[in-house]
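Structures incoming, each one as structure tokens.
Each of the next two complexes has chain A plus one more chain, namely chain B in the first and chain C in the second.
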Partner chain A sequence: MRHGRYPFIIGFLAIPVAIYVTFVIGPYAQAFYLATTNWRGVSANPKFIGLENFERLLSDDIFWKAIRHHGLLLLAMPLLTIAIALFFAFMLNVGGGSRGGVMTGVWGSKFYRVVFFFPQILAVVIVGVIFSRVYAPDDSGLLNGALGLFGIDPVLFMANPNIALWSIIGVLVWQAVGFYVVLFSAGMASVPKDIYEAATIDGAGRAAMFFRVTLPLLWDTLQVAWVYLGIAAFDAFAIVQVLSVDQGGPDGATTVLGMEIYRNAFSYSQFGYASAMGVALFFLTITFAALTLRVSRRDTIEL
Partner chain B sequence: MSVTPENPAELSRRTVLRRAAAAGLLATPAAGLLSACVAGGDDEPTEQAAGEKSADNPLGVKEDAPLEVVIFNGGLGTKYATDVHIPSYKKKFPKAEVKFSQTEEVATVLQPRFTSNTPPDMVNNAGSKLMDQGALVQAGQVQDLTELFDAPSLHDPNTKVKDTLIPGTVEQGTFNGKPYVLNYAFTVFGLWYDAALFEKNGWTAPKTWAEFTALCDKIKAAGITPYSYAGANASYYQYLVILTSAAKIGGPDVLKNIDNLEDGAWQAEPVKQAAAAWAEIGAKYGNKAHLGLKHTEVQLQQNQGKVAFYPSGSWLENEQAKDTPPGFKYAVMPTPSVTAADKLPQTAIYAAAGEMYFVASKGKNPRGGMEYLRHMLSKDGARGFTELTKVLTVVKGAVDGMEISPGLTSGNQMLSAAGSDYFAYRFDTWYKKLDDECRAATNELMFNGGTADKFCERMQKAADAVKKDSSIEKFKR
Partner chain C sequence: MTTEMAPSAPVAPAGTGKAGTRAGTPAVQRRREVGLLSGLGHVALAVWAILVIAPLLWTILASFKSNTEIFLGNPFALPKEFSFDSFARAWTEANVGRYFLNSVLVVSLSTAGTMLFGAMAAYVLARYPFPGNRVIYYLFVSGLAFPVFLALVPLFLIVNNLGLLNTYTGLILVYIAYSLPFTVFFLAAFFKTLPQSVAEAAMIDGASHTRLFFQIMVPMARPGLVSIAIFNIIGQWNQYLLPVALMQGQGADAKWVLTQGIASISTSAGYEADWAALFAALTLSILPMIIVYAIFQRQIQSGLTSGAVK
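== the complex of A and B ==
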């Protein structure tokens, strides 16, 4: 069978690799090149300016603001999402206690499982539009309408620079939780029943069961979730673009790198500078993924 | 986002859909993908059509050369092109084939064509996704229109095209001394209110700042928000008003200095005074919640009688046509004088030509493109445009004797009262970065407890940064 193996492999690989190189590697390489030019998107021959764009990045306040926002997103979004999703997943799968030796979820868990997944199937833009009504700054908004019933003044969710980013994080978490509930549920389902049984016999309560049994056995899944959410935290562009005041405002309070790249490229026609930001974002994402996988490396428990 | 507030089409399009489309781009790959169109294309000149110049054909159009026009499909529609201007061109050159297309996203569709040196001949560069006109000029993609403006006009062979236009039109489209762009629609700006509501309450349009604040107190007592604008996406209506006041206090040179990025232009005393005056209006008579609203939402509130004064341009009436209740009568007034020592009279206003049309210099038929503009600037072309869009053009006296709506009538009265005291700035289209910074600074000033000093300092810093930035071409007027 060794005979003809290479033609076989090459035959299978050639087309996907060609497509991948053309549509993924190619543009990335071009972005690296453009980052060293002053291309404004209209001339055919961009001028090479070396690392000037990167020098400008270093002293660009709004760029650093965006980086700080990513820092906050990177901490808050995965933590909140994973915490909430773990709690829900635990309640849906194990929270109901043992029935005839089988761990079950709380009453109605099948229904909740579907409901939790709803936000995930909505397009990000639709989520943004929905939340623009939820967060509307007068009593026509869902939240402010409800607050109004109790005589509380409207909260300016998107217009108050101090809470705007948290409002955005709220939306991101709301949308992400459903997927991770399902992911963790699958992880929990693969935990052998006898371990839970043994734990129950030893007198473990729900909390002990969660922290001593479920969590360690889910470590791999958690790690994957963390990387996914971390990378998502480097995006957040769509929600910011649709939902925020003045696209990343007020006054840059909710801006993210994607927003700044978009603004510099398509609004200021500074494609070279925007590409430099893209390159920075590329390295940030890669570094994060590498770091996370490294730091969270830990022996998985063989079952 | 476009920064030409005089562009009604753009405004009515600035809907959720736009954001939806934009948001469809994923951030990270977009950084790579946006470069996908740079490869290829060189600066080789394409062969361009030219014909004999004659009295009948002053621009030397080749009579059978095909012409391609692209029109932005927004609030103005495209009917004015297909039903008025193209037939006019074809009547003159029956052998020419005019290829018409429309787009809602000018930059998305046309930017690659400019990059690859195969542009259409005449482009209506408008909408929220317009191309950066300054960058196009900088790249040598735009035809110098001097010849067009010096050519005899279509309706009067004894008059040059430029002499049939409202003064300032050519200048409005001038980049570094050369006219590159035709700004076709003419818009006046002021504070809009419901004349019926004012009449019912016995309120009259204030002329001085003291009258203005006194009236605002009365309006507030009547349970109406006296003054508002939409912070979420239309804060440039507000900075337009602030700078209008600045120009009235210190004369139009205040704006000229800002446009020319003169040192300290934003920290000039008139700008500070204007900012301080408006900051007080924002703090005392505004509604903080409107920072989170879009322009259509605030405009609707005005239609519902919840907002008294709203800063906008003369497209407002047309834009709100569907939502305006029958009793509502749009009227407009100039901004009240801030001080008694203002350099310009209270009747002075911000008025400008907008809605950009330009000819591609590297297209196949630039002469035809210019000829097309000449047809737009004929009296019939202009009348047809106003009839179909309810928007005035820069052609002088084109609509004389035509019936116009109450809001436009009010706008026209304001314009004639202003006489020659009207002015405009250009920095927002020249330097979009400054436009964005000014939007943010204005929202801070009006809604978030900003001060005039902070506003001026912030804008000066941004202007200085643009001035220092070698990648941005500078313009002068």
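== the complex of A and C ==
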């Protein structure tokens, strides 16, 4: 039976490991080296310049702008998405009250769940392009057309630097809510029904039920959601590239690190500097994930 | 219905007489709270459903309109006549058809590759202890922690050095590579749960390790494989950063995938003011998703959320 065990193991692992090391591990390792060079362009030779790229990064206005935008995204997007999704998930699972001891959703729950989830399967790019027309700055856009019916002047959703980033956050929330409704629904469905029964007998209303029963039991799922949305907040490249004015504009008002990395690498051929930004992004993401898991650690409620 | 009785709430209704004043008032308060909450809840649900449907429906309707109708007409009006001109323009001149087929080609091969290599690696790592097993496993899983942007520049250089820039082969290999961490992580956990007794019986009957995998383990792991396949198909179909970094330069547009194509049509529609063709291109990329979603709605939901539910 032992016969041919090692040839089999090697045969099965060789190709996947080779592909993975070549295209994933290799580039990640190289990125840290490239970040310490002044490499510009495929034909030029890289020269080691130590931490110069990082010094330059610290005095780069557009880098700090991007960081601030990630900060706003990191706060607003998860908060809005989770709040809306939690409310809907609660309505769709428990909102209908108890029927024969089983908590049910409100009327039409199934329909809502199916509709809400759909944007999730569309590419961010497609969604971005759709919203570039929804947000169109004249009456031909869906939103300004609607505002026009009430006699409100067209809003420059993407051209006004004060609201451009919020308009982008709106699109991200629009797309994400359905996914988290489904995710939280799965969490709520796994709460044993006798806990709800007991709470009903004790006279808990729906609000009390939500804050005292559902929310604490859903803590783990919420934590997962927060990490997912946080990581998404450090991306936002595709939506910014297709939806914003001048890819991150107006005047850098919506730019994100991914956009700047892409721009530095492929428009300016500043490979070293772009890699330094990549390294900064990596440390930001890792710090966020570690902090979230630490801060939100709480005793899990055993069911 | 429930809200109508709200004004009479301070007075205990006769119906609750049995419970008396002690329990009557809280019960009514609760019912009022319930009525208000579910009333608001229903409105909120309906509003969100409209918010989700409206932009999509509007896009589909606008694709039948002419450019003048889109630009000067009421955005809420139905098309005057259902014209398919814009679809013809989107399909032939804007090459949506080609981009669509490119996406189908790339994603079908890369998902097949991801599933084959991912399942092979996950199976060996989950069920065959050997020195270095954990090292390789964590090498794969560590890929989940890194943002793709970190790898972007070196990846571009490596693909370029291999002569794979602007090739389907290059893009497919890169898709497979970046899908492996999650696929291996998920499937290794799945293969671990399969019973050892079946494997032993098969080995006693003289099956080789390879036959055991393909004829017994893969069929047993089907539910897990289906979930992760859906996850990969949708993830790779919607991928934008990798193709935009690896399929660029002169002549690359013939090999663009759909997301790239749509982004570029969106830019050129701005110059040419051909919004009808843009809406048609969008419709052509949304409609298949609606059809697929209508059929596999349950599997897609569980496939996409499988990553978050342990």
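Everything below uses one rule, namely that the second predicted complex is superposed on the first by the 282 of 303 C-alpha atoms of A that agree within 3 Å, B and C clash if a C-alpha of one lies under 4 Å from a C-alpha of the other, contacts with A are read in each partner's own complex, and residues count from 1 in each chain.
As a convention for this text, contacts are C-beta pairs under 8 Å (C-beta built on N, C-alpha and C of every residue); 3 or more make two chains touch, one makes a residue touch a chain.
Worth saying up front: this structure is predicted, and the values here are computed from it rather than measured.
Peer 1: In the superposed model on chain A, is it clash or fit for chain B and chain C?
Peer 2: Verdict on chain A: clash between chain B and chain C.
Peer 1: Let me test your reading of the model: by the given contact rule, A:295 touches which partner, first (chain B), second (chain C), both or neither?
Peer 2: neither
Peer 1: Per the contact definition in the header, classify A:38: touching chain B only (first), chain C only (second), both, or neither.
Peer 2: first
Peer 1: Looking at the overlay, does A:215 come into contact with chain B only (first), chain C only (second), both, or neither?
Peer 2: Touch partners of A:215: none, neither chain B nor chain C.
Peer 1: Considering only touches as defined above, state whether A:251 meets chain B (first), chain C (second), both or neither.
Peer 2: The first partner, chain B, only.
Peer 1: Who does A:72 touch here: chain B (first), chain C (second), both, or neither?
Peer 2: neither
Peer 1: Counting only touches as set out at the top, which of chain B and chain C does A:198 meet: first, second, both, neither?
Peer 2: Touch status of A:198: no partner.
Peer 1: Which partner does A:46 reach: the first (chain B), the second (chain C), both, or neither?
Peer 2: first
Peer 1: What's your read, chain B or chain C touching more residues of chain A?
Peer 2: C
Peer 1: Touch check for A:159: first (chain B), second (chain C), both, or neither?
Peer 2: After superposing on A, A:159 lies in contact with chain B but is clear of chain C.
Peer 1: Have a look at where A:278 lands relative to chain B and chain C in the superposition and call it first, second, both or neither.
Peer 2: It touches chain B and chain C both.
Peer 1: Which of these chain B stretches, 44-52, 62-70, 98-106 or 134-142, gets into chain C when the structures are overlaid?
Peer 2: Among 44-52, 62-70, 98-106 or 134-142, the clash with chain C belongs to 98-106.
Peer 1: For chain A, which residues belong to both interfaces, chain B and chain C?
Peer 2: 24, 26-28, 30-31, 34, 42, 124-125, 128-129, 234-235, 237-238, 241-242, 257-258, 261-262, 265-266, 271, 274-275, 277-279, 281-282, 285
Peer 1: Note which residues of chain A are touching chain B in the complex, please.
Peer 2: It is residues 24, 26-28, 30-31, 33-34, 38-46, 49, 56, 124-125, 128-129, 135-138, 154, 156-159, 161, 234-238, 241-242, 245-247, 249-252, 256-259, 261-263, 265-275, 277-279, 281-282, 285 of chain A that touch chain B.
Peer 1: Quick one: in the complex, what on chain C touches chain A?
Peer 2: 26, 29-30, 33-34, 37-38, 41-42, 44-45, 48-49, 51-56, 58-59, 62, 70-72, 74-76, 117-118, 120-121, 123-125, 128, 130, 136, 139-140, 143, 145-147, 149-160, 173-174, 176-178, 180-181, 184, 203-204, 208-210, 213, 234, 237-241, 244-245, 248, 258-260, 262-263, 266, 275, 278-279, 282, 285-286, 289-290, 293, 297, 300-301, 304-305, 308-309
Peer 1: How about chain B: which of its residues touch chain A in the complex?
Peer 2: Listed in rising order, the residues are 1, 16, 19-20, 22-36, 38-43, 107, 111, 114-117, 129, 131-132, 134-136, 138-141, 231-233, 235, 288-293, 432-433, 436, 439-441, 443-444, 447-448, 469, 471-472.
Peer 1: Flag every residue of chain A that touches chain C in the complex, lowest number first.
Peer 2: 1, 4-6, 8-9, 11-13, 15-17, 19-28, 30-31, 34, 42, 84, 87-88, 91-92, 95, 97, 106-108, 111-112, 114-126, 128-134, 139-142, 145-146, 174, 177-179, 182-183, 186, 203, 205-207, 221, 224-225, 228, 231, 234-235, 237-238, 241-242, 257-258, 261-262, 265-266, 271, 274-275, 277-279, 281-282, 285-286, 289
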